[in-house]
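Please read the structure below before turning to the comments.
In order of appearance the chains are A, B, C and D, and numbering begins at 1 in each one.
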Amino acid sequence: MRNKDCIALILAGGQGSRLGVLTKKVAKPAVNFGGKYRIIDFPLSNCTNSNIDTVGVLTQYQPLELNSYIGSGQPWDLDRSFGGVYLLPPYMKSETGIWYKGTANAIYQNMDFIQMFNPKNVLILSGDHIYKMNYAKMLDFHNENNADATISCIKVPWDQADRFGIMETDKSMRISNFFEKPKNPVSNMASMGVYIFKWEVLKNYLIKDEADLSSSNDFGKNIIPTMLHDGQKMFAYKFKGYWKDVGTIYSLWEANMELLHKKPAMNLFDKGWRIYSKNAIQPPHYTAQGAIIKDSMITEGSVIYGKVKNSIISSGVKIGKNSIVEDSVLFPSVVIEENCVIKKAIIGERSVVMDNSKIGVEDAIEGQVPSKMCSDGIVLIGSDLIVESGSNIAKNVMVE
Amino acid sequence: MKDALGIIFGEGSDAGLGSLTAKRSLAAVPIASRYRIIDFILSSMVNSGITNVGIITQKNYKSLMDHLGTGKEWDLNRKIGGLLLMPPYSSRETMSNENGDLADLAGALDFLEKSPQKYVVLSKSHLICNLNFDDAFEKHVHANAIVTILYQNLEPKGEISGLKNRFFIKTDEDDRISQIKAYSSTNESNKISLDIYIINKEFLIYLIRDGLASAEKGSLSEIFSRRIEHMRMMGYAAKDFVARIDSIKTFYQANMMILKKEIREKLFFKPGLIYTKVKDEAPSKYMESAVVRNSLIADGCVINGHVENSIIFRGVRIEKGARISNSIIMQNSEVQENAILEHVILDKEVIIRQDIRLTGQESYLVLINKGAIV
Amino acid sequence: MRNKDCIALILAGGQGSRLGVLTKKVAKPAVNFGGKYRIIDFPLSNCTNSNIDTVGVLTQYQPLELNSYIGSGQPWDLDRSFGGVYLLPPYMKSETGIWYKGTANAIYQNMDFIQMFNPKNVLILSGDHIYKMNYAKMLDFHNENNADATISCIKVPWDQADRFGIMETDKSMRISNFFEKPKNPVSNMASMGVYIFKWEVLKNYLIKDEADLSSSNDFGKNIIPTMLHDGQKMFAYKFKGYWKDVGTIYSLWEANMELLHKKPAMNLFDKGWRIYSKNAIQPPHYTAQGAIIKDSMITEGSVIYGKVKNSIISSGVKIGKNSIVEDSVLFPSVVIEENCVIKKAIIGERSVVMDNSKIGVEDAIEGQVPSKMCSDGIVLIGSDLIVESGSNIAKNVMVE
Amino acid sequence: MKDALGIIFGEGSDAGLGSLTAKRSLAAVPIASRYRIIDFILSSMVNSGITNVGIITQKNYKSLMDHLGTGKEWDLNRKIGGLLLMPPYSSRETMSNENGDLADLAGALDFLEKSPQKYVVLSKSHLICNLNFDDAFEKHVHANAIVTILYQNLEPKGEISGLKNRFFIKTDEDDRISQIKAYSSTNESNKISLDIYIINKEFLIYLIRDGLASAEKGSLSEIFSRRIEHMRMMGYAAKDFVARIDSIKTFYQANMMILKKEIREKLFFKPGLIYTKVKDEAPSKYMESAVVRNSLIADGCVINGHVENSIIFRGVRIEKGARISNSIIMQNSEVQENAILEHVILDKEVIIRQDIRLTGQESYLVLINKGAIV
C-alpha cells in the first residue's frame, strides 16, 4: 500500500452568507478575486507549490460551479494518478446520510477517504483566505517538534483579536492555552485556520468528538481545546506575510484594492510562487484609442474604451466610451455601456450596466435601502443582472 | 465531423520569416500577443469536431513540442485519437524538402492507416483564421468528391501581395474544379486556393504510395492539377477572414490587422474559440504613468510607459518614459526607461536598455533576435 | 454559448441491497464484473463508443469507491475540457438540502448541471446493466421521429414481463400504452431503463412532477405515464443483443458465467466496441508448471498454481497448489491457499481462503443458515474477510 | 526526490537487437508480455518521486512517442514538469553517434537549464529493474558528491556474459571512487557500473558545454574516468535485480528470468509498481484444450493450444494443437492449428500458419519480423 506523507483537506462547505448576493448561487470559495482568480485558487496553488499533491475539497453548499471550476484539477497540476484533487460532498452510508454538521464532522465523515492514502499527517485548510504560504515549511516545523498538532498563527491587531482563536505559547512555541473568540484576549496570536495533525492522533479525537452529542463538532471550539486539555503536543507556527479573510463585502473589496498598491503585499507576479487558475480562453485585452487606464489590473478578453482608475477588471469585461470606473472590482464578462460612472462597486459576473447610469456616486437616494452587508460606500451588484439605462444607484446599496 | 482526422504541416515550405524561424518551426512563431501560428488552424479543426490530429514536423520542432505539450489546451489529450507529432522517419532523413508534399506526407502513412476516420482535413499551419469545416465537409460527402479545395474569392482580382506562390482554381456552376493553375499576371480566376483540403483518406493513402513509388514531386496543388481530368474535385468558398503568413511583412500585417475591431471580434470568437498554451500570468498591471492606445496586451505585463498601435505579449515590462509604437513585443521582453521603439519586432526575452531608440519603417521592420540585449 | 447535442446521465445512486454483502461498502455500479470491469464500465464505455462525451453520474449511496474509480474519467476518454464525466451527489441550496427521492427527482436536482451544456436531448441510463449498445443509433431514431421521448426496449420472457415497465406500440413504434410492472402484461416489450428525452420537454415535466407532492418522482411510475397521458410523441426503440440486469446474486453470477461460453453473447474481445476500465497496474498473469486452467478468463496480476475450471479470475488473484476453483467468480486480490475446493462461489475483494477449506461443496452444514439472497447453491463471501484453515462453508451461505 | 530531474537515453548506443530495433528504438522494444524496455527505468524514476523526465531520442522514435503518449500512465502528464521528448536539434543532424554521450546530452541543455531541480538522475533505457533512488540520492547529497555512480557487485567476479563493454569501478571504504576502468580479463574489481548516475545539475551543464567546445568524445564512464582526480565521485551499491539488454541473447534471457518467482515478485512490485501503456484488452480466455505451464500471459489472449516456458503478449491467439515452448510471442500474433514453435521470438502481428514448425536453439533463436506471415 502506498502512503502519503501529508494530504490536504480544504473546508469549502460554508455558505458565506456575509458576502450577500455574491454567494447566492456559488459557494464562497468559488467567488471571483483579483481579475482572474477565485478564492480557492490560493489554497490550491499553495498546496501545489508546497509539493502537496493530494487535496480533498469538502463541499456542501451550491457546489456546482465549484465542481465544474475545479474539474480534474489540471490547472493546479492536481490531476494525479494516485492523489490529485477530490471533491467530497456528504454521502449516504447504508440507509442514512447526514449533512456536514461542523468542520470536525466534515472531516469525520471523510475518514474513509483519508484512510485511502494512509497519510502520516493531514493539513486542514479553509477555502476563504487570500494568502501565499509554504505548507512544506510548516510541515518541517511540525515534524521537527514531533507535534501532534501544529496551528499556523499570525499577529492580528489587538482590537480584532476577539474575532479569532487566540493562542498562548511558551518560548518553544508550544501552545499552553487556546481561546476561541475570547472577550478579553490575552495575546494577539490568532489562528489562521491552518492546522497540521498527526492523522493517527486526529482520527481518535474525531471519533470521540462524534460520539459526544453535546459537541458542536468544530475544530476551534471542540477538537483543539480537548486535545490541549489532554496534554497533546501542540505547537504554534508563526506565519509572516499577507493573510486576509475575505468573508465580508468590505474585506473582499479591500483585498482586491490592495493588489493595486505599487508594491503589493500579495505579489501575483512572483514566478517562484504562481497562483494558478482555470483559464478563461480569451484573447489578449484590447485598449482602444481613447481609453485611459491607471493603477489598475486588466486581464484577457477585456475591451476598454473608457476610463479606468484604481480598479480590477476581470476577463471579458467591456467598458464603453466615456464611462468612468473607479475604485471598483468588475467580475468576468461585466459590460459597462457608454457614459456611465461607476465608483467603489463590486459588480457580479455577466451583469450589464446600460448607458448613462451612475453607481456609487450619490450618498443616498429615496427608495433605495442601504444593505447591512455593504459598508464604507461600497455598492454590490449581483450576477446576471441588467441595470437599465440612466439608473442611479446610491452608495451602500446591494442589488439582487 | 467525427469521421475526419486532421493533418497539419508544421512547416510552410516557403517560410521566409528570418530569425523568427531560425530556431523554431513556422508553426511555433508567436503571434497576436499570446498565440503561436499553429493555434488558429488547430483550434479550427478542434472546433469542427476533429479529435484526431497529426502534425508533420521536420526540423526545429522542439519549441512546437513544448507549446503543444500533452494537447490538453486543445482538448486533444485523448486516449483515443488526440494529438500526434510525426517526426521524420530515419529513412527519410536523406530526403530534402524538394521532394514535395507527398514525401512529407509519407511520414503520416502509418497514422492514416491506423486511424478509423474516412476523411482527412489537410492544411498548412501558416493560416491565421477561425474556420469551421462542417459545411465544407458535408458538401464534400454529399457531392461524392474525392478532394475538396477551400478557396477564397479575391475582390478585385489579384490585389493581395505575395500572390506569386499561390494557386488559383476555376470551378463550374456546381463548384466542381476544372482548372488549378499557379498565379500569373494574366490570371483569369479570382478564386485563390487556401491550400486547405478535404480528402478521402483511402485516396490520400493511394496518392502517397503512388507518388513515392514514382518519386512524384511538387505541392499538392500541382499534384491535383495533373489529375484534374481523372477525379472529382470540388471547390468550397470560405468567406471568413484568413491571413497567410509567409514573410516578415505578412506576419507584421496580420498582427496589425487584428487590432481592427471587426477582425478581432470574429477571429477570436466566431465560429469557435482559439486555444493556446496557458501560462498562468497575473493580470496585466497599468501603473500611474501608463498610456496605452489601440493595442493588444496579454497578461503578466507591467506597463508604465506609452504604447500605441502595438502588440504586447505576456510578461513584457515597459518602464516609465518608454514609447512604443507600431511594434510587436514578444514574451518577457523588457523596454527600459525612455527607450523609443517604432516599427520594431522584438523576439522573446529581449532587453532594450534606457534611452535606446530603434526606428524601422513599415516597409523595413527592425527585427531583434531572441534574448538580445540592445 | 456552446451546446451539446446530447448528454448522458447515469443513475448510480441505488444501494443495490439485493446484492447483499457485495454492496455493503460500495455502490452497486461499482461492483466488480468479468475479471477486470465494474458494472458502470458498460454504460460509460457505451457512451464513449457512441460519441457521447458528456456524462453526469448521479451518486448518493457510498460513492467513495465509485468516485475514486471514475476519477477524472481518463480510462473512458472522458477527461474532456468542455464535457467529460461529472459526479453529481445531492447538495445544499441556500439553507436546505435533500437527498435524491427518486430517479426523476435526482435529475430534477441536477437541472442546473444539465443547463450548463444546454443540450437538445438527454440520455438517461441506469448504472446496473451489462450490455453493449450504440446510443447514437437510438438518438438517430429519436431524431428521425422528432420524438419527445424514446424508450429503449427489449423482448423479455413472458413470465418475467411483470418485473418490467411494459410497452404497447403501434406499427410505427409509437408508444400507445405503458404499464409499470403490470400484473397481467399485455406485451413482452420491456423498458431497459434507457431513455432519450428532448431536454426542453423533460424539463417541464420534471418541474411539474416535483410540484406534485403525491408523486414518487420516478420515471417509470410518474414521468412516462404522465407524458403519455398528455399525448407527447413517445417511441419505443427495439434493442437486439445481450442485456442483463445484474441486480441479484444469481443474475450477477450467471452473467459472469455467460462470458465463458464458447461464443458469448457479450463479446469482450470486440475491438470495434471496447469496454474500458481503470487499469489495475499489474504484471501479466503467471500460470505455473502444475496449473490446469480450462474454460476460464484470467487477467493481469494473477498467479495460478492450482486447477481452475469455468471461472472468472480477477486481477491479482492467487490460487495455491492443489486447490480447485470451479464455476466461481473471484474478485480482485482474492487469495486461495493450498488444498482448497471452491465451487459456485463469488468471493469479494481481498478475501483470503486459507488452506484445506471447502466452499460450496456441502448442501447444508449445521449452524450455517442459507441466505435469502443466495440461490441455486451459490456461496457469497464478502470483501476483506479471512476464511480460516479447514473451514467448510455450505451452499447458499453468505459470509459477511 | 523532488529536487532531481531524470534523463533517459532512448537508445543504447550498443543496441544489437537485430530486427527488433530496425524500426523502433531500443527503449520501445516489447518485453515481459506487456511492457516496453523503457517502462522499467522510467517507472523507477517516477516511483522515486521524480516528476520531470527528459528522454533523449535519436531516430526511429515514433513507436516510443506512441508508447509514451501524454505520459498519463506514469503520472507524467503534468503541467509543471512531466515528460519531455528531446528530438535531435537540426544543428545536430550532421553529428554522428560517435561523438559520444556529451553530444547526445547537448540536446537536453535547454531542458536542464529551465528545470528548477538541482540534481539529475541519468540512465540509459536498457535496464530491466525496479529501483528506488531515494537512498542513493540522500547519500549523494550528504557526501557532497558531484557524481554518484550506481554499481552492482559481481559474485563471483566477472561471471556475466557480455562484459566487454562494461566499466568497473574501485571505491575506498567510504565508497568514494578511485578508479573507473573498462572491463579487461585481468580486472581487479567486482564492482560493475550500471551506467546510472546522480549528478549535480550545474556540473552536468558545465560538462556538456565544456565537452562540446573541446569536442570531447566517449561515454560518460570514460569522461568521468578522465576527471577522477579533480572531482568527488561516489559509488552506490544497488542490491536489486538488474538485467541489461544489449543483444538478442540478453533480451531472451531477461524474459526467461522473469518466469522465476523470486525475480517476478520483486521486479513488478518492489519497491514500486511498473507502469506501461494501457491497451484495454479483455482478460485472457483459456479454452477447453488449453494447456499452459510456467508462462507469463498478458490480457486479450485466446489460448486453445499448449504453451510452456514462454512469454505471451497481449492479444495473441494460439489455436488448438499448436505447441509453443521456450518462446516469446509478441502482441497480436497468431499461431494457428498444430503449428510448433520452440526457441522462437515472434515480433508483433506475426501469423504462423497451420502445421508450420519453427525450431531454434537457446544459443540461436529464430526471430520473425513484425507482420510476417510464415
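Brief remarks follow.
Just so it is clear, a contact is a pair of C-beta atoms (placed from the backbone, for glycine too) under 8 Å apart; a residue touches a chain by one contact, two chains touch by 3 or more.
Please read all numbers here as calculations on a predicted model, not as lab measurements.
Among the other chains, the CA centroid farthest from that of chain A is the one of D.
Each of A-B and A-D has its own count of C-beta contacts, and the greater count is at A-B. Chain A and chain B have Cα centroids lying 41 Å from one another.
Computed centre separation for the pair chain A/chain D is 47 angstrom, with centres defined by C-alpha atoms. Contact of a single residue of chain A with at least two other chains is seen at positions 74-75, 79. Shared interface positions of chain B, defined as residues touching 2 or more other chains, are 72-73, 77, 79. Taken in their complex, chain A has these residues touching chain D: 48, 51, 74-75, 77, 79-82. Residue ranges on chain C touching chain D, taken from their complex, read 34-36, 74-75, 260, 262, 268-269, 274-277, 279, 281-300, 308, 312-313. Residue ranges of chain B in contact with chain C, taken from their complex: 2, 72-73, 75, 77-80.
Contact residues on chain A toward chain C in their complex (touch as defined above): 15, 59-64, 67-68, 71-73, 79, 84, 86-87, 89-95, 97, 99, 112-113, 116. Chain B makes touch with chain D in their complex at residues 59-62, 65-66, 69-72, 77, 79, 82, 84-87, 89-90, 93, 110.
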